[in-house]
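The following blocks contain the structures, represented as structure tokens.
Next, two complexes with chain A in common: one pairs it with chain B, the other with chain C.
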Partner chain A sequence: MADSNWLIEFPALSRDTLRLLQRSIDETFREFSRSYGQALEDFFEPLLWFMIWFERLLLNAPWWLVIAVIASCAYLASRNWKMTIGVIAAFLAIGIFGMWEDTMRTVSIITVCTLLAIVIGIPIGVMMARYDRAQATITPVLDVMQTMPSFVYLIPVVMLLGIGRVPGVIAVIIYAIPPVIRLTNLGIRLVDKDVLEAANAFGADFKQRLFGVQIPLAMPNIMAGVNQTIMMSLAMVVIASMIGVKGLGQPVLKAITNQYFSMGLFNGLAIVAIAIVFDRVSQAYGHRIQKHRQVGH
Partner chain B sequence: MRMSITAMAGAAVLALANIQPAAAADCGRVTIADMNWASAEFAAYIDKIILETGYGCEVELVPGDTMPTSTSMMEKSEPDIAPELWINAARTALDRAVAEGRLIYAAEILKDGGVEGWWIPEYLAAEHPEIKTVEDALKRKDLFKNPEDPDRGAFYGCPAGWNCQLTTANLFRAYKGEEMGFELIDPGSAAGLDGSISKAYERKQPWIGYYWAPTWILGKYPMVKLDFAVPHDKEHWNSCTALAECDNPKMNSWPKSEVYTVVTPRFAKSSPEGMAYLKKRGWSNKVANEVLAYMSDNQYTGEDGARYFLEKYPELWKNWVSADVAAKVKKAL
Partner chain C sequence: MAKIEIENVYKIFGDNPEAALARAMAGEGKDEIHSDTGHTVGLHDITLSMEESKTFVVMGLSGSGKSTLIRHINRLIEPTAGRIVVDGVDVLTLNDADLRQFRRTKMAMVFQRFGLFPHRTVIHNVAYGLEMQGVEKRHRQDKAAEWIETVGLAGYENSYPSQLSGGMQQRVGLARALCGDPEVLLMDEAFSALDPLIRSGMQDQLIELQEKLHKTIVFITHDLDEALKLGDKIAILKDGRLSQVGKPEEILLEPADDYVAAFVRDVNRARVLTVDVVMRPPSLRLTTENIDAALREMQGHRDDFGYVFDGDDFRGVITERHLRRAATTNGNSSVYDLADDSQTVTADSVLEEALPTILQSDTPVAVVNNDGEFRGVVSKRELIRVLTEHREEPDEAAQEPKRTGP
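So, the complex of A and B:
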């Protein structure tokens, strides 16, 4: 490599050095997995039990009850009868086409992922809005999370935690959490400075300012973030099923490997139906909480 | 006869220009299925190197998988060569295609055939010498604990959509896996299945499930194949075990899988020499395991594995080709 042609050919590390580097990284990871894998598994155990409990709840409840609960959630969020009827129709169709169980599994994992993403993501977004340095460090991390091909981090996660729900949720959250963080940050930063000044003038402390002014005013943006997070976690359903997550992803995978066109189509459409239901309902909720502002002005 | 230098040079250029494309035209453009598992990958590269350097073909590797590739070869004659096709996966369709002249079986690439079965890690077999057969293992749901349901055992099956999913599921029923308290887990993908094995191995945990040889996994993480306790019953296998609708599966065991190179007639016609080579080419599982272990240990690609093979086993591959082709390949290495 010390030849004169380094101007033409890139002076890359020699293959042996590269291999040594890769192997030492792998070895380090293996060591880490050997020493901390069990501890990590124990750490995630409560999450696993919650997910299993929630999935069984959805699976064991009578189907009409599940639909009733989902429909009333949709109505409460949107106050729109047409949408509620659409939701009921979508889930009835899913049931008629024999995809009820897989759909319930997917709905349960998406719900858990969304809740976790909100619980973890909004505080991070608030922190990013408050401290510029936090924003500067976290933004590139979010970029990596969104663009790194999922299988790159799926395999290490599987080696640490095995296959199943927990690694699946981790993979989905890594991919799906960035929008809620970004849009929380953006929403809070966009809050009118004058409004904040007014709040300060009334002697509001940090907590009052955050929960009384900033978060409510940033709500439309935060809701848009939540909405995007739901969409992205649904998009990850098929990928997650490649590490043994049960749900609509598995029949899709099966259809891909066997070229069962109709099977892939049905299950794909079921994912789309869930996505549309979640999307419309969360958007309607976002709009509804915005409405009073327009009236109030 | 005197010839001017320019004329000679001109003739030489002409001759060169003639030879090169002529050799390529003999064979032309060839597509080889680069299946997404390592043993097929280095096989594809061995064929690529030999066909390109030895026979002047213009080889393109196209990604493939058993079902899509075999279907596409039958219906569209594309790609030309599937170096490592597991025949059991689509035997009836393939046999029909061969009978109709749409496909040709070339050499049996894995001389020992592919070995499928249910395995446990070597350290576990040493620790529990009493576990020898499938039934022994299925009695121990307490040993192979399912992390998502501690009351039951975990049996890692075959990824969704693979043909082994049907056979594994039927055998799992035949050996009463469910009744013995095991859950048949769908790992979702080869990566998921491999990940579950390496996780178990790194932490010396129990593991039981489906796998196959030759593979780097079995080279790197030695495992012991469980005995099914019955010989392969071909009739029941074809009428039930291997089918999706198998109401009453009986105990059975995997046959040796025949693994052949499958070629389209188009290639056989356009390059009889290349076809002759493909009719001889093949190796034992021992060789395959060694190459796979080498690739995996060094994180080498199929191409590196192929070069390693060609350097390490000249006495093997020189039997497949004529002396002048062997010399050409040797020179290009």
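So, the complex of A and C:
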């Protein structure tokens, strides 16, 4: 009878084999994290210190100073008064509703994640644009990173590094970095061949081409990527709070488990407010540095 | 020695150029190789030599390999076989750093679609070459401002290219190329994207600049009129092969094959050919001041007019009738004074300009250079022959079986 069964039922591996397979994968990984976990933690130690320092900085500074600094960043980036006033109003409202501390924690982690995503993502994008082989290998990896449910890669990260800020940041970056990589690659590949040829004809070397021509001309795309990365890391903050990242995500999580609707709503709105601020300011900055595009025909 | 020597250059586009190269060298045609192997023969055995301080024009239809050829000179494209020698140095032997240095200092390029940096202002575009040369900022801004003024764009220093019209953008392209003071100017269809009027203005400007600068210019065009206007020498490419190389008048008067003939058929020769092309030595030179002596000389000659010289000085033309009248009325006057020097044409004017003078004159008109020195004479008959010759060409010539292969 077993002979014809595979036509009706999928000939899956037997339950024992599967269990064995999973166990051996888990064992190997556990072994790996046992022997390298400490080394990895040491490696990320400076990052942890920086994050703690930055978070304390935001938390300990007087609230009006923080708002002033954020508002001037917004103004410098956008040169737009209306937007700056909107930013100030958003942060005042957050403070009034008692979410100042959590918001500062979230802003701090988002800032760190974005900076890291840019620092790691742009060079990878540049490499992909330069070598077709790099593009061919990295693109599927990015696809996996973007489609894999984010809870899944929380598991190995937690196994390796425990819970806390660093694994949180790593999870957020894994989730949020693909757009900046993809759009850097795309932006550089889309740079006009004629312009690049002109740079070559005048004897530009690799660095002069990259920083003098390719990156400036790819800037609209790169900025769009950065913008998306910021948005995605904000979205990930709630999930990352499950592994101990403090900030606006934790009250949201608490609200879900205890069915506190208004608590969830307020904190959710705070996240939305931050998202809008980051989004508009980074877009305005992207537009402003491209002023040569807005003129003429 | 020539400034630029291109020796037996082949360029095959494709993954495995060596195999296709062997077939090209064996003489197979571009189409054949393409349909058999998928490889494109960009250039087929090109040998050219370009003189210093001259304008060398490369002409051909779309796809004939002009852009490919000019990009070999600064090695934006590497040949599959052959050598490119600039100032005695084989460009292909340069390593990366030397090649960059070579591109920075020796040559500059002007592009068909301008190739300006959209994120840089005009002045920063123009200063780009100097920036690559490592020239200090103040100095390169000053130099760039000078060139912007020279090409007539003063006041636009801080505009972005997108704010300028096509003609203005290409002036920026020209200024950018000249600002680094290159020895060689590579111009790939530099004026092709411009309106006819602006285009001819740019051509005039280039000619004017070249009179001062004496650069070695390699100019690509698919327009014969432009080639004839600018070129000291013209090479004609067809399907990656050279059809003919020569001076403009050689191309015009002695086309090497049907392809070239088809190109030159519709050219308005009167607008292109200059007087010195149809100029001849005078049949009779008179070097005496004495009327009787002059008359005697003229009677022994088939023409009834002569060209009077005082040593090397040209004094004018005189007819036998005029001499006779002078001999009877005033036998003592000088032939030098009697000679008529009111009708002359300059050697480098085009036939169209010289036409009225030549047609109105009873005698062949004296040709002088810009300093007024005598160069020769041009007759009505010769002029008409040159202007009408190509119309006799029967249409069957174009229908003859085309030469194929080498």
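By definition in this document, the second predicted complex is superposed on the first by the 291 of 297 C-alpha atoms of A that agree within 3 Å, B and C clash if a C-alpha of one lies under 4 Å from a C-alpha of the other, contacts with A are read in each partner's own complex, and residues count from 1 in each chain.
By definition in this document, a residue touches a chain if its C-beta (ideal position, glycine included) is under 8 Å from a C-beta of that chain, and two chains touch if they have at least 3 such contacts.
Quantities reported herein were computed from a predicted structural model and do not represent experimental measurements.
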Partners on chain A (chain B, chain C) - clash or fit: fit
Partner chain in contact with A:Val195 - chain B first, chain C second, else both or neither: second
Touching partner for A:Arg280 - first (chain B), second (chain C), both, neither: neither
Partner chain(s) touched by A:Arg105 [first = chain B, second = chain C, both, neither]: neither
Which of chain B and chain C A:Arg182 touches, first, second, both or neither: neither
First (chain B), second (chain C), both or neither touched by A:Gln259: first
Residues of chain A touched, compared between chain B and chain C (which is higher): B
Following superposition on chain A: angle at chain A, chain B versus chain C, Cα, nearest 10°: 160
Closest approach of chain C to chain B (Cα atoms, Å): 46
For the chain B and chain A complex, residues of the former touching the latter: 65, 67-68, 71, 147-149, 156, 159-162, 165, 185-189, 191-193, 195-196, 198-199, 202-203, 298-299
Complex contacts: residues of chain C adjacent to chain A: 74, 76, 99-105, 107-109, 111, 113-120, 128-129, 132-133, 160-164, 180, 186
Residues of chain A touching chain B in the complex: 19, 22-23, 26, 30, 33-34, 37-38, 41, 48, 52, 151, 154-155, 158-165, 241-246, 249-251, 253-259
Interface residues, chain A side, partner chain C - complex: 192, 194-195, 197-205, 208, 213, 216-217, 290-293, 295-297
